[in-house]
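Letters A, B, C and D name the chains as they come in the text, with residue numbers starting at 1 for each one.
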Amino acid sequence: MADLPVVTYRPDPSEYAWTFGGVEPVMKVKPGDILELWTDDCFGGLVRGVDDLPSQLITAFNPQTGPFYVEGSGPGDTLALHLISIEPARDWAVSTTFPLFGALTSTLRTVTLQEPLPELVWVYEADRSRRVVRYEARNGDYSVELPMDPMHGTVGVAPAFGEARSTLVPDAHGGNMDTPEMRAGTTCFIGVNVEGAMFSLGDGHYRQGEGEVCGVAVEGAMDTVLIVDLIKGRMTPWPRLEDHAYIMSTGSARPLEDAFRIAHGDLVHWLVEEFALEALDAYQLISQICESPVANVCDPNYTFVAKAPKRYLPSSEVYASAHRRLRETAQAYRAERGLA
Amino acid sequence: MADLPVVTYRPDPSEYAWTFGGVEPVMKVKPGDILELWTDDCFGGLVRGVDDLPSQLITAFNPQTGPFYVEGSGPGDTLALHLISIEPARDWAVSTTFPLFGALTSTLRTVTLQEPLPELVWVYEADRSRRVVRYEARNGDYSVELPMDPMHGTVGVAPAFGEARSTLVPDAHGGNMDTPEMRAGTTCFIGVNVEGAMFSLGDGHYRQGEGEVCGVAVEGAMDTVLIVDLIKGRMTPWPRLEDHAYIMSTGSARPLEDAFRIAHGDLVHWLVEEFALEALDAYQLISQICESPVANVCDPNYTFVAKAPKRYLPSSEVYASAHRRLRETAQAYRAERGLA
Amino acid sequence: MADLPVVTYRPDPSEYAWTFGGVEPVMKVKPGDILELWTDDCFGGLVRGVDDLPSQLITAFNPQTGPFYVEGSGPGDTLALHLISIEPARDWAVSTTFPLFGALTSTLRTVTLQEPLPELVWVYEADRSRRVVRYEARNGDYSVELPMDPMHGTVGVAPAFGEARSTLVPDAHGGNMDTPEMRAGTTCFIGVNVEGAMFSLGDGHYRQGEGEVCGVAVEGAMDTVLIVDLIKGRMTPWPRLEDHAYIMSTGSARPLEDAFRIAHGDLVHWLVEEFALEALDAYQLISQICESPVANVCDPNYTFVAKAPKRYLPSSEVYASAHRRLRETAQAYRAERGLA
Amino acid sequence: MADLPVVTYRPDPSEYAWTFGGVEPVMKVKPGDILELWTDDCFGGLVRGVDDLPSQLITAFNPQTGPFYVEGSGPGDTLALHLISIEPARDWAVSTTFPLFGALTSTLRTVTLQEPLPELVWVYEADRSRRVVRYEARNGDYSVELPMDPMHGTVGVAPAFGEARSTLVPDAHGGNMDTPEMRAGTTCFIGVNVEGAMFSLGDGHYRQGEGEVCGVAVEGAMDTVLIVDLIKGRMTPWPRLEDHAYIMSTGSARPLEDAFRIAHGDLVHWLVEEFALEALDAYQLISQICESPVANVCDPNYTFVAKAPKRYLPSSEVYASAHRRLRETAQAYRAERGLA
């Protein structure tokens, strides 16, 4: 690996970050660096069996690997993170219900006087060679294999205005967006609010359904490789994603229609910026072509993703072709590592 | 067509229905009947060019073909409508902005003091042989072909409690759900509230993006063929859909998270009913496998669809295999008609 | 009562209306008529003791007295109803919890997988001479007298667009707004959508807290007297109220902020219409003077009231002084009847 | 002032805090201390005339006086702040519209494609002897005096989970609740999350309407006196208030119904804690007696207040009579200072 600037880092639990912002960096990295990282699961690895109840074991969720200080970055820039690979690091994963958390329960905000749902743990066997996880009902004997689709629930930077936000929260700084689109092959563009950007990531999911309905995905530790890049002098208001087929805007807010509005409004503005369409023409085009997967309907803010298929756009190049260049670097890395 | 009980009906504009409920039936049909219908577009065909502003021409939207009185049906039953084919009936279609309607504008409910967006019309050329529509920017010269994906925005029955609802509204009776899942090959299960069920349909879309962002899809008249069936003595609380790969629940409400909750809660209950899973096991399974396309974020209620892939369920047969049987009838019809 | 055109009407239960719209009128009345009416409680009088569970006894709520056809009225007019008196007609009233209804429980729309709250009935003794009702805890021995503040939960007309709406629903046609401002001394201005207006009222509350938190007020039958008036050629978009000290706009929608936006947006526009303030000046003034009681946070739409104290407005006369004139008639009626 | 432990502090602008949490304390205080403070307005005093546009002058809002480290306090305790007096410190105040902020405009979260409303400044003359402010229309000549009702928009402590939140945000830590109930004579009970509590306050309003509709009240600097007290070993989940006539819970969230649910759910639980009512009996009582003023419908979270009149409760003493004792101290202070 002579040519590629690879940095390897596996945090000790004492080094985990539990907020975006308000934390000292674990190291400095440079634009162009390739980071080989390990991230723990949302429970810090403490929930391993059906008797390990999160409410008794856990006081904070989503330990982060990072934050990383990106040299040369500051407010008004855009950080580009290209995810080369996200690989399950264990042969098991877990999901649970959690009292007063999830889409189909009252919560600490959607308060009712009803009893919370029971707290249950489901343990998933993870077969990394066959790339499946196994669901097993807690009651009765139904069991089924589900394909892995590894992703990170949390990717984010330090927020603006001096804020520090829990790693449970998604907002304009990224954070706990919980979108399956944050998978290998994707580039994440995210606006920098503070010197050094201070990005971190964690909360690996071996797979999840849309909306993360019960509030907890198939949660597991990850070995993740990503490239850090920096776009100077261009602000990105909400996290944006790009893969080979789509450009995507995200929005995180409550009620859920506001998350939808943010994401789709940003996608309209993005088309105007990049392709010189007029706003209403972009609005019309998006209205007929967008795909709009909901990411989470359980976190303190809900998250929507608005996707425009590149094949229907005036051009498939955005951010001055950053994604294409990062993908070439990723291919070089994969070639050197002997990966498919 | 000796064997199949086919009924053909094309309404005169004077026969259009503008509400679900509160309208006399246009005819009686029997379970098993195959209906060959024509539906007008959401503007009643009056918006044909860029100078035809809907706000000046239209006072009611979504004319319905129907309602049809289904013999033998009554409260507590489920109507099953299997869509055999939905074919564009014109070589053009339209979309527009409409003052104070859509996801990215203030509305009559999300009131602001800002000026409405300009009202614009986009005319789409529809090439039925190549199955594409052509988007053309109103300003500048960008143009692109988009594949057709014909569907009905409105399918519904008379509501409960003696209500009559505008055909702009989706709710438990169906109505203006605006989901692309309402396409050929799908069976729609819908609870009957009144004697005769009184179903109607309309609002054909040659295609739409998820969420129907600007409030108006690529709107066009349709030639639609469907089979009417009846499941006696089984209630369906919210419209459910089934195709070859998915079972789907819908929910329509505001805020958007309530539409999500209704759809996903119903899907959990449906799994419990059909497969004897315990509720929390079904909740967990849905949380990891569901796909959750948003249907509309513009109508008086917003609509979500919650989809469970059949391949991950204990069985792919629901409603006593009604969908499979209807599909066989549809194949017989298509064979007799010489259709693919 | 030689001078005043008084009409007396007490419906038989078979004459109750259960929707706004879609119902034949019980009689025709003329602008200027004084109506002496009786209205049943929201349960049709069927819940009388702690063992009378509404979910077992009731299939429809809020029986209406009416509808009344107002001669000469049609779309584009405003109906003015001045409430002369609203007097409890019984010496008892009831409140209950109701499964999946209320602000602090999951509902049929805010769906969760939790068990419903228990269904309980509280019976209130009503002392009409002392004008108090008595709360008694179902468990334990706490008891307290609360002052009566009689009001109607439902006042409305037939909706627009051919709709018929359940009497549980508030919307632009009025309906189940559940605001304590609908008390004696108030004039209600409401837009007419159909020939004859077709207004009705019911759902008397001997008192309620703001928001009608558990979904059920202190419910009771009422003897109500009101004056019917008509303002030709002036449309009112959402129900407006006026009393001696305030002009008030209402809004009913979900989420609750939209009810707030409708009410306050309408109040801004009303000031612009009546006083020729510029919109942003009216916005500023309202922002510093409004009182904004929430009416209900339990019905299918939530309701807010936006109140502007007349003493801070350019004038205390709106709708060409209709309220003042109706109040004079009310005083004449009260004088003739020997009322205070 | 020999007997009372008075601390006087007026911050230099360089000492302002712009977040709750993440800031070093300006000083340590002890339970029992009386603080005489000065707070700047929400614009840091920079908006003084109609040409001082906030969007051009201001990058952060709501400068705080504090934070104060309260000796002996830590997580699980409740801080009690009794507001002895809040006196306008200037003879002028301002209000404005601000682009994409307020209840009747699209915002950065409720995104639309419409143009923002114009940014305007209204300057209010404040007559401290007559205790009125004067509204003057920017267009036309309408002008009216409005009574002062001085209050603090922001009172809060450092949040839980290591978060730091912008002083624009209200949440469980207090912050920018913008409720007129935060006036002289009120005790604010607020849960402590970190050692020292770290409370601060600011954002004085000479008056505001309910909901702070346009997003900006009549904003002004304040001279404020308060007593600091500490209740060890009792947690308070959301800020609670008490005055001579009411106990009050608050909730801050989106959508607005969740703020309502939090506040009223907390009030129910509070009655259960203090008076041993059963939860459903408390729910019923609150449903018939509560007053529920909306505080703000413009900030990143909206705020509701749920008020229970003490005269209808089993006792008027809560938190072991802390409010009554603090009021006695306040009277002693006022007597020594020769205040009314």
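The working rule: a residue touches a chain if its C-beta (ideal position, glycine included) is under 8 Å from a C-beta of that chain, and two chains touch if they have at least 3 such contacts.
Since this is a predicted model, take the numbers as computed values, not measurements.
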{"item": "C-D compared against B-C, more contacting pairs", "value": "C-D"}
{"item": "Chain pair equivalent in interface to A-C, over half of contacts matched, among A-D, B-D or A-B", "value": "B-D"}
{"item": "Distance between chain centroids, defined by C-alpha means - subunit C, subunit D (Å)", "value": "33"}
{"item": "Length of the line joining the C-alpha centres of subunit B and subunit C, rounded to whole Å", "value": "36"}
{"item": "Residues of subunit A touching at least two other chains", "value": "104, 110-113, 117, 254-255, 261, 264-265, 268, 280, 283"}
{"item": "Subunit B residues touching subunit C - in the complex, by the definition given at the top", "value": "18-19, 21-22, 60, 108-113, 161-166, 251, 253-255, 258, 261-262, 264-266, 268, 279-280, 283"}
{"item": "Complex interface listing, subunit A residues touching subunit B", "value": "95, 97, 103-104, 117-118, 120, 122, 135, 137-140, 142, 144, 146, 207-218, 254-257, 260-261, 264-265, 268, 275-278, 280-281, 283-294, 297, 302, 304, 312-314"}
{"item": "Residue ranges of subunit D in contact with subunit B within the complex", "value": "104-106, 110-117, 255"}
